[in-house]
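Two complexes, one shared chain (chain A), two partners (chain B, chain C).
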Partner chain A sequence: MWVSVSPSQPLADSLIISGPPILRLSETFLTGSPALRLSGSLPTRCGVLNYLVRRLALILPTLLLITAVVFAVVKLAPGNPFSMGQASGEAAVKQMNPQDYEALLRRYGLDRPWYVQYGRWLEGAATGDFGDSFSERRPVGEVFFNAPLRALEEKSSAGAALDQLLSSKFGATLFLNLLSLLLMAAVALPIGVRAAAKRGGWFDRVSGALLYALYSLPNYWVAVLLILLVGVKLQWLPFIGMRSDGFETLSTAGKALDLLKHAALPALCLSYGGLAFISRFARGAVLDVLGQDYIRTARAKGLDERRVLYRHALRNALIPLLTLFGLMLPALISGSVIIEQTFSWPGLGQMYVKAIYTRDYPLIMAESLLGALAVLASNLVTDVAYAFADPRVRLE
Partner chain B sequence: MKVSWNKGISLVATLLFLAAGPLAAAAQGTSPSDLTVGFLPGYDKKAPEDGGNFTRSLPADPVTLNPVVANDMVSFLVYKWIFDPLVDMDQDAKPVGVLAERWENTPDNKVTTFHLRKGVKWHDGKPFTADDVLFTYDACMDPKVDAINKRSGFEKVAKVEKVNDLTVKVIWKEPFSPGLLSFNIHVMPRHVYGYPKGKGEEFNKNPRNAEPVGTGPFKFVEWKRGERVVLKANTDYFAGRPHLDQVVFKTIPQGQTQLAAYQTGQLDMTGISAEQWRTLKNDRGFLKGANVFEYYARQMVYIGWNQDGSNPFFGDKRVRQAMTLAMNRQGVVDKILDGHGKTCSGFFYPGGWETNPDIRPMPYDPARAAALLDAAGWKDAKGTGIREKDGKPFSFECLVPAEVEQFQRFIEVFQQDLKRVGVQMAIRKVEWSVFLDRTHRHQFQAYLSGWSLPDDPDPYGFLHSSQGKLLPSGMGEGQNDVSYSNPEVDKAIEAEQRTFNQAERQQALRRVHQLVAEDQPHTYCFMGSQMVAVRNRFQNVRVSRAGYGLFTWYPSLVLWWQAK
Partner chain C sequence: MATAAGKKVWQRILHRRGAVAGGVFLAGLVLVAYLAPLLANNEPLYIRYDGKAHFTAFRGLFPFDKLLGPDAVALKLQQDPDWLLGLSTLPDPKVGRVILPPVPYAPLQQRLDDVNAAPSAATKHYFGCDDNGRDVLSRMVHGARVSLLVGLLAVGLSGLIGVAIGALAGFAGGWLDTLVLSRLIEVMACFPTFFLILTVVAVMDPKYLNIWTITVIIAVTSWTGMARYARAEFMRLKGSDFVSAARALGASPCRLALRHILPNALTPLLVNASFEVAGAVLFEAAISFLGVGVQPPDPSWGNILNLVTRYWEEWWLGLFPGAAIFLTVLSYNLVGEGVRDALDPRHATQ
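And then the complex of A and B:
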């Protein structure tokens, strides 16, 4: 589980973390609790800067460590892009002779020890060259961002740029996950608030039980079920890919609608599991706030319950939720392996699996780096956002 | 080559255009019990019409559409419609000219002259000439070009020369009869790449590899990575335009989704697993719109016995025969494959011209197996239930690729069968990459895997003793990883490679089949059949007789048409 902050605990206790920087960072990593210290004063500009510099300085060694470990693990697995390509069940493929095979390994430096290869990868990465994908035979940057890069070069209009972004693997994954995150928030927050308002009431209990039941359904199974029911039987929604044939000929609104229709089922599969989690978290946060003096004050001055709940309680309860959403950000770009595969969604998740199967080292490394960066960055952003949202938090 | 077919039917999908075999009109409930080719009724009654689209799925995105650099199946499924080879095979494995109109050999078979077809145009209108053939050959041979597997067969080529614009001469180092079909490489346009030869690395990732220009029956239209590839009819094709207007390939990685896409009209063809067939065969709606074909792919399940002397068991022919006799292969076909398969007798396609019709698959005969083991000195003297010889128990380990769930089920049955004759087999599941590594290094006692038959039946790579040696790097020289060695087989293979007389070649290959069936260097278990549904508005759809030339369908998609 990602979160150690127990909703029922007073906020202050769970957020005080101290220790050497490395430990703090790894704590941030594992638990997601921001390395924060509560104090009574406002953040000073200098303090924030100082903090940022220290955090940023730590990112580099962390990335080095992560990439080195990933590289070593991937390299130690038997096989290489050429042997796996040959072996992938491809009957029609002619055998290559052993001399050619060994020459190939030499040419791509795959015969060297892993640390030498890692050094070469690092050298390239430092200059922004992440190598060429073996399984797509083009530079890694193009595989991830093909279309957006082209749009940047062409300096096209915002609409066209968005269009281009969506036709890259990165864009496809971002779009799908953003949508499911929004879906989660839109459904889970009101449920959480309502459950907190009537704590122990029938709504609280029924919604809790239902959402936990949903939480326990594996989404790859639900995905197949939805395809058969909604896709095949009822034929309400598409379930293959991201676009209909003839997408290019549609109007802007038509395109948006088409994308949303295609994303509906996968986004549903990606979001329903998180509902239980977020709604319970929101419920806990709201409950914490409802016990505060200012809520009593608000009630005492005769505000109606709705106003108390949504204006005074929810706003303050949203602060711990920031952490939660911050933690979910990395998932936005890492993508979902199984769901993308099931719905033929042309995103990064699907690509990652294929990259591992075919030992496409440059792609595996780039995706791992991107994932690590996303985790580190979202932790940092969450911490900083926290400080701005809650004046009691001071970054040191 | 060794093949890991697995993961339900996604690979069936890969093989749809590939493998071939007999047809049974499964929609009418015929079982695939024999290997005769049948045709569904109602074909060829009307004159073909032009028009219409055909949409099929791909299990993954193509890697590249440059036929020299590509070495994966998915890329092949697409680029083979855009490009033409010099020569191809018909469904009886006879070479037919495509871009080469005809060819002749000198009497000593050391020079082959190809006469190219006149008036063939590239999709951009430029004429096709001998320069393009040389360009393609040079690209294949350029050490910096990742022509990973296109060079095999060219080792015996001394030189390729241009005689004039429409004539190319190939000079062989020695007569090599399988060599002609090495020229089934797809010819690429020299003018598009703009250089005569060389430029290795640039060629590997030239942007034109994603926007190919060929001479083939279909022209490239667009490739949306991860989504689809679209081709349209080449109305100027030298053999006449294809009847269909457009072919669309959609990337659908999951088999389950593929069937769903077919059922909702988004695909015109789908693979069907045995499990899916159990419900589909009673689904009237499905059967009404579909022609269902069942055929044997050119693949089989086999067990390799390591004969390099590293174990005391399998160097003895009697032991290997006993292994085969002791395992109830037919039982596995009946119980696990639901009857969708048949036992086989070697790496030879039943009914193929090279296959010896007198050889029957070995029966299930545990009594004879026990007698053979006794004769070989493996006896259960102590009554432990496990045979011994010189104090060593008959206990070995069999590698199985862990990814293929079906393989585990097969091997578990065989484990029980062997136990009954006093042989202990441990099953060792390993990841596919580990599996390949260990078998290529000959570090195993036995393994179970799948085998995919090559187009040309030449068995040199996996049955000739020279291919069972290890290179200094520790990898096997060839694919004879069981280190099988029989001088008579070697002689027959060498003769078969040298002769250009089809009858002699057939005789030599049938001799190999006979010797191997006796020696049992592997246990040839069975071939499973595969099922595919094609929407029945498509006409002239037939399963090929023997699947040579990498297709299931003969005639090919080019001659399919759609009834309005």
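And then the complex of A and C:
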């Protein structure tokens, strides 16, 4: 699938060539982030290791710059958490007398220039302390991992730990994204394999066209349509929040079912865009493998086609596919923002939108850092995959 | 492209039904956006008023008001937007023959009677009304201007930035490329753009939050793709024979870059631009959908779609604007893909 690429051709092309239509993750999920573009120059002149060291060395300065820019943007904007009372309807804050207001600013260090505040934030972040969320009045880490049902903390079984994780913002987002990835793989891989097996046949063409149309569908519109049809009209599935009223009283199986019911629609919205991408990619990967000698051998042995395709072809095609799931990370995280907001899913994405409205600097900073880390990680995965897959790099 | 090769490319593009359909849709959309005042307006296309003929709606197309002074009909409509719609119950002796636009409502016109009205051909609210009694189709027709403008301008601007930086990196090479520009592109590419844009847009004073600032914000955060393509093309072309020939003739570096390399590097950049426009349209709609983009009462497809999350029973607020976004994005993608395949048969045969 790594077809001949002229040295100057960006990776974006070489990755995508595996089959029309051109699919670009970044647009599907609205990240605008370079999910599938190679960062930096192509590693044609240096070895894999050398190249990777160089890439790793850039991570820290990149993170510094990103957080500095986000910090500056947030600070230079008019308004601060204490002057936003008007927006959140807290009349008491609005009528605060000037002395108290000044004191509050000093208390949270907001009276200092932004670079001093940034230095302080950096100092804390290096030791894992991201400050206290202004609106929730507790440490950011606690908001991320530990939220509402704190009573569960006392119980110490695996079930209780899972319960606690699921009740946190981070857990809610993780649950949703893992479910989406699972859904993606379960649907996309068989489609891709089938399309590759009968290349150019009706299934290949129809699935290609359908998935392409799907991929251009904005996920927020799909979310709206699904809610209108399945949630409002047919009333088959819930579409607000993560749990029904009275969740606590349900049995374990009942709880799991309830969670899955609530997650069904948002997970569908997050996964269908990647569907097109992964199935096309799987198709390309399997097509590549199908020409190999061992496939011919397997067929010559008289194995049935199904076994050849899934046990011999797909399994060998899976390695590049695994990196692909890594690439989905930033897309999923930012896709979560819109989808969680639409479905009132109590995860990191919804919290981010709220944090922005309330100027909750510590939360905004932590979440931006998380987003940056996701993009960096996914870029690194691309680079590694590329460096290992490009024979010109390997030969040197 | 008057050459034989150019003709072949055109033929290949026209052979792709998807690309043609996308192109036709986009051309239609441009037309709709430009003619919005004639298509969806409470001002009449033609009216016989007080014994004189007025073409009030056409004034929206050109700055006629400055040349001819304000129109009597327009002035009256400013005071009473529903004047012409209510003629059947409140006849006006001065009014003669009237031709109203197909959608006889202005995008900002609020009508209390029509709050959350369902789509109906009888009331001429073909796509229904929103929570302020504004006609959805009229807002979508005018919102098309926002989508097209933001998409094209953002990509134009990000293209300028990206090509300038990428071309310099590719053409100059050396330390400027490896130490400064390529690293800059690399670092910028790692920005969590979505979070950054959302943050910038959300913390901005709403009074500066219009399509121009949104365009600029999208552009300055999304130029890295263009820069990469430009850099690669410039690196590839600067060693080619025609550039060496031009250099031997004494062309300055500036002339080499702008007159010789750039025109030859343009096609891959334009194809990429087409996909980027699709991305920008999606993006604008997304942030407006989240409520931090184009602010009501200004119409945008995204902020109409946003309303449905408050009124789930009003399905028309969700169906129609979303379909417009989808079709526009699909069209840009299809056109981009068609052009790319036509230029590079290797893609097409895969």
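Please note the rule applied: the second predicted complex is superposed on the first by the 276 of 396 C-alpha atoms of A that agree within 3 Å, B and C clash if a C-alpha of one lies under 4 Å from a C-alpha of the other, contacts with A are read in each partner's own complex, and residues count from 1 in each chain.
In the analysis below, a contact is a pair of C-beta atoms (placed from the backbone, for glycine too) under 8 Å apart; a residue touches a chain by one contact, two chains touch by 3 or more.
None of the values given here were measured: they were computed from a predicted structure.
In the superposed model, A:Glu367 lies in contact with chain C only, and not with chain B. When both complexes are overlaid on chain A, the residue A:Gln341 reaches chain B and chain C alike. With both structures placed on the common chain, the touch criterion links A:Leu65 to chain C but leaves chain B unconnected.
Of the two partner chains placed by superposition, only chain C is touched by A:Ser216; chain B is not. Once the two complexes are laid over each other on the shared chain, residue contacts for A:Leu104 go to chain B alone; chain C is not touched.
When the two structures are aligned on the shared chain, A:Ile227 is found in touch with chain B and with chain C.
Using the contact criterion defined above for the overlaid structures, shared-chain residue A:Arg138 touches chain B, although it does not reach chain C. Contacts of A:Val73 after superposition on the shared chain: chain C is touched, whereas chain B is not. Of the two partner chains, neither chain B nor chain C is touched by A:Lys301. With the contact threshold set out at the top, residues 77-79, 224, 227-228, 231-232, 341-342, 359 of chain A are in contact with chain B in one structure and with chain C in the other.
Interface residues of chain B, counted against chain A in their complex, comprise 1-6, 11, 14-15, 18-19, 60-61, 63-64, 66, 69, 71-73, 76, 143-144, 146, 148-153, 155, 204-205, 209-210, 224-228, 248, 250-254, 256-257, 260-261, 263-264, 266, 297-299, 431-434, 436-437, 450, 452-455, 461, 471, 473, 475-479, 550. By the touch criterion given at the top, residues 6, 8-10, 12, 17-22, 24, 26-27, 30-34, 37-41, 58, 61-62, 65-66, 69-70, 73-74, 77-79, 213, 216-218, 220-221, 224-225, 227-228, 231-233, 330, 334, 337-338, 341-342, 352-353, 356-357, 359, 364, 367-368, 371-372, 374-376, 379 of chain A touch chain C in their complex.
Across the complex, chain C meets chain A through its residues 177-178, 182-183, 185-187, 189-200, 202-205, 218, 221-222, 224-225, 228-229, 232-233, 235-236, 275, 278-279, 282-283, 285-286, 289-290, 292, 305, 308-309, 312-313, 315, 318-319, 322-323, 325-326, 329-330, 333, 336-337, 340-341, 346-348, 350. Contacts from chain A toward chain B in the complex involve residues 77-79, 82-98, 100-104, 107, 132, 135-139, 146, 167, 169, 172, 224, 227-228, 231-232, 235, 239-243, 245, 341-344, 346-347, 350-351, 354, 359.
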